[in-house]
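Presented below is the structure to which this report refers.
Letters A, B, C and D name the chains as they come in the text, with residue numbers starting at 1 for each one.
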Amino acid sequence: MSDAKTRMLRRAAREITPGMVVNLGIGLPTQVVNHLAPDLPVCLHTENGLTGIGPTLPPERADRNLIDAGGAYVSEVPGSAFFDSATSFAMVRAGRLDLTMLGAFEVSETGDLANWKIPGKFSPGVGGGIELAQKARRVVVLSTHTDRAGNPKLLTACTLPLTARNRVARVFTDMAVVDVEPGGFVLTELAEGVSVAEVSEATGAPLRLPDTALPRF
Amino acid sequence: MSDAKTRMLRRAAREITPGMVVNLGIGLPTQVVNHLAPDLPVCLHTENGLTGIGPTLPPERADRNLIDAGGAYVSEVPGSAFFDSATSFAMVRAGRLDLTMLGAFEVSETGDLANWKIPGKFSPGVGGGIELAQKARRVVVLSTHTDRAGNPKLLTACTLPLTARNRVARVFTDMAVVDVEPGGFVLTELAEGVSVAEVSEATGAPLRLPDTALPRF
Amino acid sequence: MRLPEKICAMEDAIAQIRDGDTVMVGGFGVPGTPMTLIRALVAHGARDLTLVKNDANEPGMGIDHLLQSGQVARLITTHLGLNSHAIGLMNSGRIAVEFNAQGILAERIRAGGSGLGAVLSDIGLGTELAEGKQVVQVAGQDYLVEPALRAGIALIHAERADPFGNLTYAATARNFNPLMAMAADQVIVEVEEIVPLGALPPEAVHTPGVFVDQVVPLGTLSGEYAVVRR
Amino acid sequence: MRLPEKICAMEDAIAQIRDGDTVMVGGFGVPGTPMTLIRALVAHGARDLTLVKNDANEPGMGIDHLLQSGQVARLITTHLGLNSHAIGLMNSGRIAVEFNAQGILAERIRAGGSGLGAVLSDIGLGTELAEGKQVVQVAGQDYLVEPALRAGIALIHAERADPFGNLTYAATARNFNPLMAMAADQVIVEVEEIVPLGALPPEAVHTPGVFVDQVVPLGTLSGEYAVVRR
């Protein structure tokens, strides 16, 4: 794992504070779990019907009936509970998730999120992402700052079909932490070795700077 | 218990055939359970969250947490299941009850049922009765043929607020078994010692007779 | 990871309740009625409450104490047949009563607990229970709109809980409890026995702790929970 | 009283399925997918089926066998991400696919299983997922009408059943199974273990037998149920 990615995951992990109920989306967000303090009192939720996710298990130790929503074989912790898919999303829609961390294709400066469809290229269905994005009390995005071709993912407006409007509060990338404020994107932290100019260039929308010094992560 | 009432309950019990899922309403219908063959394969449902009702228990043997919808202390049978109130009525509304037996203030010759409210006199709320009456696959009524003042309960049209329209298929009373057919009430069985004239007089609607002899119960 | 813990003193839990709050109360008859939380709410004294409960218990039992103390302005329920005192309050206009079909009340609460706006149902169509309700056509059929119900507070009775608030209910004491435990901003649970994290098999949990805010241990049960001799 | 019994041979249960039927299939990934009932449906050969399933499994697994055999005309689902073969069939127009938000699919099925007409939800409002959907205002707020889903047949996988059809599920193999087990005219369950009446504690039953029509015992589980090594 690259150093920048590790730092991004570690920084995102600090977003999770004691007592929270958290859903980590498929992909990068799921990896945040490896950067949480072992004694942190937190409840991890997966939409296929489990609260209290324990460590991921290798095939030889896996329970064939115990996976997370991404298909990884996981384990229980003391106090886990299993439930059906309706109950699982009842938790989501009724606002019982304090936080969800999701991947993104695009995030707009008004907090719109596009992460489920690229017309003509990628349309596997929305799965549970729309309910997480629309209903978790706090939605943050964890993503590379640009796509593989180097195009910015943080934009003035999304071009792809939306997952949810005005819901993203913060974006963690390999370059920076960017908050979505009423006036647009605000750069709040910088990755080690990255300059403000580099982040600005990699961002497809104006990026305001705070009055104070930018912390590094 | 009067002889006529015992015969009515015993006759009504024959309506319950192997394999059925049955809800017996509060009052007279609940007592039908005492007239079922002990080896009859049948599932009794109570709307407060139990399938597989076993015998009623006296206070000294009762479980404080195990009642039926009428508040009687009941017991389990092998294979009982407990569930919440939403699941209980899901069974009802989705048509999983083969039969419900309900009490009545009035039944009309088109199968309308009134059994929950007497304006100005009695309005304790509809409880679960409306869903049972509207959604059980077969609805039969178990009731005295007349009210305490001697007024007929079987009428051309109900005068009281309805529980459900066109749902009653058959009425068991202390005097007769009366079917609700497309053309109105049909007398199909007579209680011992009761004449056709007596039943007709106690009925507030035309009562057709079948071509065949009337069985006695 | 370890799960957060939510064990709380009864007074602290009940102190959250404010005048004018909507309070859901579990139970169907005695089983599942949180008798001790109800007594604490009487002692707390919050007034002008809207209660949501299947029934009004019996005179001198359960939520009848809240009716007796004049703390209830409105009752959303299904059946008051066993409480002549509640019927008297209703008939004399001292409490407002809204009757729901029992399974529809259950669904409205579950909808509130599931982040839905309403359910559409044909229960009561063509009867006076449909009067005043919004009607929507779906695929050519008429349905009544049954709006979701939520509350500020839910008072729940469970048989067992772990410190995270995973709950199990005994027998027919389940009834409305798991539904109301989904549908309130603050879900307060009185429990007969607290067991350690991990003692409830994860498959056997009836209410996942994610829905629960405060877990209040009961000591010795009062006589109100006992078999009623009629 | 004793409860009725519903144990049934797999072929007899599957023989009920007709061309053109809607078939709900439990499972989320491998856990809870009724692999053996699916194989029996392939052998049976009913065509022009509408399948309702959370996902399309992976190529060569689960309902992909029904896609491979050309028995599926339409798929109501939430996500096909792990099955490139299913995406290919969709993109080439050989199957029609209707995508639902995952929790909304769950609620639509549950509504069908609960005798409701629809649920009202704000999920997807303002996105292309709302396109073409009926909108209803309740208390001044817009909601999408999400109609109840029912099926002729549901294929369910359970860990344990008693002869009446009371079911328990293992871990995350529960998922859509209890919901689909409510929502079909004929509910067919394959079970890993049949236990005697009374062996399942009544508090621990996940699906009450009232919802179940046929219980099919599985012998030794095939390799399709095993941990997938990727």
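General remarks:
Following the convention adopted for this analysis, a residue touches a chain if its C-beta (ideal position, glycine included) is under 8 Å from a C-beta of that chain, and two chains touch if they have at least 3 such contacts.
The structure presented is a predicted model; accordingly, all values stated were derived computationally and were not measured.
Common neighbours of chain B and chain C under the contact rule above are D. Remark: among chain pairs B-D and A-D, A-D carries the greater number of C-beta contacts. Relative to chain D, the most remote chain by averaged C-alpha coordinates is B.
Inter-chain spacing, taken between the CA centroids of chain C and chain D, is 32 Å.
Averaged Cα coordinates give chain B a centre that lies 35 Å from the centre of chain D.
Centre to centre, using the average C-alpha position, chain A and chain D are separated by 29 Å. Chain A and chain B have Cα centroids separated by 57 Å. Looking at chain C, residues 107, 110, 114-116, 121-122, 169-171, 174, 202-203, 206 sit in touch with two or more other chains.
With touch defined as above, residues shared between interfaces to two or more other chains in chain B number as follows: 50, 82-83, 86, 89-90, 92-93, 135.
Pairwise chain contacts present here: A-C, A-D, B-C, B-D, C-D [touch as defined]. Looking at the complex, you find that chain C touches chain A at residues 1-5, 110, 112-116, 162-164, 166, 182-183, 196-198, 200, 202-203, 205, 208-211. By the touch rule above, chain C contacts chain B in their complex via residues 28-32, 54, 77-82, 87, 97, 99, 101-107, 109-110, 121-124, 126-129, 159, 169-179, 206, 225-229.
Contact residues of chain B toward chain D in the complex are 18-19, 21, 33, 36, 38-45, 50-54, 76-83, 86-87, 89-96, 135.
Those residues of chain A that touch chain D in the shared complex are 46-50, 59, 62-69, 71, 73, 82-86, 88-90, 92-93, 123-128, 130-131, 134-135, 161-165.
Within the complex, the chain C residues that touch chain D are 107, 111, 114-122, 134, 136, 138-139, 141, 143, 145, 147, 168-171, 174, 202-204, 206.
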